[in-house]
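Several structures are given next for inspection.
Okay, so chain A shows up in both of these, paired with chain B first and chain C after.
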Partner chain A sequence: MVGEVQTGLLQNSGEIPDSLSTELLALVRGERVRVFRRPIAYAVSPDRLTGVDCHLASASGARVRGVGTVLSRASVTGGRLVQGSSQVRVTRGTSNRRLAWSHYMARPGVVEVVGKARAADLAGGFTLDAPPAESLDLGAVSARFVDVVQSSARLDRRAPFRMARTRFRWTAEPGEPDVRLQLRGDNVRTLRLTLPDPFAPGVAELCEDLALHDWLLTALIEIVRRARPGSVARPEAAARLAPAIDHILHLWMPAARVQDSLLHVWESLEHRPGFTRQWQSLVNRVRDHVTVALLTVAGGDGRSGD
Partner chain B sequence: MTPVNATFGEVAAERRIASSPLSHVSIELGHLYMEDFEAGPDRLRQQFRRAEPWASTARRSWQERVPGGRARVSTCFLIDDYFSRFSTPAELIPVIVETAADSGLTIDYLARESACARAGGVEPAKLVEDRLVADPPVGTNGSRPPARETGWLCNGTRSPVAGVVQAMGVAQKWRPPAQNAKRGHSVFVDVELWNDDDGERTWSCPFLAAVWQLLRLGMLRDDGRPPVVPQPRGTTFPDDWADLPPIIRLVPSAAPFAAYTTLSVLSSRFMPVELAVRTILSQVAVDAEVLGQVVSRSEDEGVPLEDELVDRLSYVFT
Partner chain C sequence: MLIFAISDKGGTGRSVTSGNIVYRRSLQGNDVCYVDFDFGSPTVGAIFSISEAERGTRRGGTHRYLQGEVAEPHRIDIWAESDREGLRVKPPGAGQLVLYPGDEGGGEFPTLTEELLRQCVRLFSRLDEEFDLVMVDLSAGRSFAAHLALAATARLPGVHSRWLVFHRWTRQHIIAAAGLVNGERGLLDVGAEHGHDPAELADRVRFVRTAVLEQDSAELAGLRPTQLAWLNDCDRELRELSARHKVGRTRMLGKVPLDPVLQWREQLISDEDVLASQIANAGTVAAFDDLAKKVVDDNAWEGL
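Right after this comes the complex of A and B.
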């Protein structure tokens, strides 16, 4: 399995209600947008398919052709964050030539390799820093799903702060459980999972959840960096930290819908690098700073610095 | 303390897909268009007379195939009320039913072609439009949105527009179109799905015929429910096509309308239309859960089905 999740801040000044999320995500007529309200508001579009016939990146540089469909969806979490997620299950083809399109349509979300390929070679290729330009581009497909939501005229385009989208590329191969997460430049993250059942339907949801929390952490780090607490006047820094309190702190809800059998992946990432540990430390820093700033204002002391 | 595993669910978060009752085969005994109607009653009689041997052969072969011989076979007939309207249900339906009976045929279900475009509050054609997944030419890696000519669907790469002058003033040479899954040579098919002249959408005959096949295969859902459900017939038929339910069940004891497979007995003038239908159906993404339901039911019955939807369709062109 390979996939890419793009995560970004919804281009709207405030949180959007479930009813608007439902409207934005109605990408297929006759198909329901699923809406979860607990433990956090989450709405997800119906799945859509995109046909592909192209090279698959491989670590060895071998030329591998894949034909089939990419399965994608868009989602809105907490009325605030938008995600576009695409995935394919790569399987060995039944033939060494391209078949009629109806063959691939009977296997939604599957890309068949025409010829031979090794799973590890393809997983390595997909998580390369820069896969060849002509190879399968799940990022572009996911980006279009984010764009469809972001371009809605129903959004006021006045986001409370600017934050780049993150690109979370993942692969899941069969084998002894193993988790490898890497932060790369340009807001790219790669996750290589080895699981006893890499084709379980919950794997993509797990990766979407990890991508969401990685975005939250990245955004909070960035907001704190921009606010420069300790370097600028307290009220000013507090004002710059306020969007974090207003818009993202309440969105941290690890593994909200992750299947029990995959919880160990989250747990291992909590151990190292320790997502929640870092998040909690940043949250405390933000709250402490704002509290001190408020106390200072109440005490009539507007001096700068800590 | 014994640990307790809590279960929690939210209705709005669920996807419920109703299953359709299914026959083994749905036999279409014919289409009726204005031109057939104008050609007089003999045209209809001839159509039924030609269809009868094929219908009974199909019935017999399913009886042999199904364990216990209890094959569920339903028959249907389609009347065009979309591209042209003629006669009235009150006048026409009894004539069709009697003419079929003269050839030893029973019509179980009668459908209006416009039902494929709109049936009550549902627009089946739009459900299909949103489920089209274009057959990708070699080199399609997802980086650009699928190339699309609005209202058209093909099975390959179109020929470049003739006479286009590129930069540097060099006229582009003609290049042939190519079928994506060609074997040696191409059979390139380009199908018009609709036009929006005068601001109003008119679906093409092949597109509606593709919707018709999907309805007969029980593959469409609107919010989890079948978009068109056959209604029982009244004691009389109305004077206006619009007052007739989209699909009516003429025989109360008929086997289900939708089926695992379809057989269409048609005049050979429909051959190009059906090629177009197959081109369209090859690019429709049917809901995976619906597909799965049908496959598991057919396997439970001991009648394995073909993977590909187009392989569940068969034809007799007379």
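Right after this comes the complex of A and C.
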């Protein structure tokens, strides 16, 4: 299994209500947007298929052709974050040539290899830093779904701060449980999972949840960096930290929708690199800074310095 | 916020000035990017000292992206990839500085298709999501790129966009710059065709005078009083002319003095160039700094 999740800040000044999320995510006529309210507001579009016939990146550089369909969906979390998520299950084809489209349409989310390929070679290729041009690009597909939501005229486009989208590429292969997360340049993350059942339906949801929290952490780090607490006057730094408090701190809800059988992946990432630990320490820093700034303003001493 | 850089004539200093504005804005702490839409001659790589993209990139730039040939346009992080050593250290507090170069060999577009327009809207919308300021260098004259930008922004009513018109401080340039905005088939005309409200669009246009020889500048130190008086008269005439053509002070965002370094080379002027090597003038940097502040300052853009 391979997938890519793109996560970004919804281009709106405030949180949007469930009803608007539902409207934005109604990408497929006739099918319903699913909305969950607990433990956090979450709305997800029906799945959509995109047909592909292209090269598949491989770690060895071997040319492999794949034909099939990509399964994608878009979602809005907390009325604040938007995600586009695409996945495919790559399987050995039954034939050495391309079959009729009806064959592939009957297998949603499956891309069949035309010819020979090794699974590990393909997984390695998908998490390459720069996959070769014109190979299957799940990121491009996911980005389109985010674009569709972001371009809605119902959003006011006055987001509280600017933030790059993150691109979370993942692969899941059968084997002894193992988790490898890497942060790369240009906001790309790669996660290589090995699981007893990599095709379980919850795997993509797990990756979406991880991608969401990785975005939150990345954004908070960036907001703190921009605010430069300690280097600029306290009230000024506090004003720059405020959007974090108003708009993202409450969105941290690890493993909100992750199946029990996959919780161990989250737990392993909590152990190392320690997502929640880092998040909590940043949150404390932001809160402390803003509190001190408020106190000094109240005490009539607005000078800079920590 | 999207800022579009246009000029009627070529060689006015549009790219160099807008490049320096973006550079100053990032030093002031904003995340900024520079997008080369001068499809015919994509040369801004040189201004940012990116030799790999001096004449555009080979790895899929803006032109190929708009044609749907690449999923993402080539993106260059100036703080990491510039060949100029002084630029490769991101000062504390500075924001991102990213270049989206054009394609080597360039190329134009035959017609404005729906697909192309959609791709452009997508690009602007994504960049606006990530950057505080997105500077788009359109080509000189009534270009296809300007058409495309007007059509795309008409579809992005929620996104702030502003237009900077660069011109030199001469009779011909003043008249030409005015014509580019108010004239037949000018910015307002074409904007209206694409659904912009001309009055509202006009409020989002400001002029920038480039390579201006100031009366008190050192370059004029050796002149005779008669020569100075004559220059003074010329300057007054130009001021009157520009006011008549609605290019006067009220619509001017700023001006950049003639700079010895820029006369020789298209480049970013760093503080180092002024303070350490003292090759560039402090007044030039001050002018870029001022423009970088005003370009995002709503007070400077109040309706006239």
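Definition applied: the second predicted complex is superposed on the first by the 306 of 306 C-alpha atoms of A that agree within 3 Å, B and C clash if a C-alpha of one lies under 4 Å from a C-alpha of the other, contacts with A are read in each partner's own complex, and residues count from 1 in each chain.
Convention: a residue touches a chain if its C-beta (ideal position, glycine included) is under 8 Å from a C-beta of that chain, and two chains touch if they have at least 3 such contacts.
Keep in mind that this is a model prediction, so the values were computed, not measured.
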{"item": "Which of chain B and chain C A:8 touches, first, second, both or neither", "value": "second"}
{"item": "Comparing the two partners chain B and chain C, which touches a greater set of residues in chain A", "value": "B"}
{"item": "Touched partner set for A:140, first chain B, second chain C, both or neither", "value": "both"}
{"item": "First, second, both or neither for A:251, with chain B first and chain C second", "value": "neither"}
{"item": "Chain B versus chain C as contact partner of A:163, first or second or both or neither", "value": "second"}
{"item": "Chain B versus chain C as contact partner of A:216, first or second or both or neither", "value": "neither"}
{"item": "Overlap of chain C and chain B interfaces on chain A (superposed complexes)", "value": "133, 137, 140"}
{"item": "Residues of chain B touching chain A in the complex", "value": "8, 10, 12-15, 122-123, 126-127, 129-131, 133-146, 155, 180-181, 220-224, 227, 281-288, 291, 307-311"}
{"item": "Partner chain B, residues of chain A touching it in the complex", "value": "27-32, 34-38, 47-55, 67, 69-70, 86, 98-103, 105-108, 133-138, 140-141, 144"}
{"item": "Residue numbers on chain C that touch chain A, as the complex places them", "value": "29, 31, 60, 70-72, 75, 92-93, 95, 121-122, 125-126, 128-132, 156-159"}
{"item": "Contact set on chain A toward chain C in their complex", "value": "8-9, 11, 133, 137, 139-140, 143, 147, 150-151, 153, 155-159, 162-165, 186, 226, 228, 231-232"}
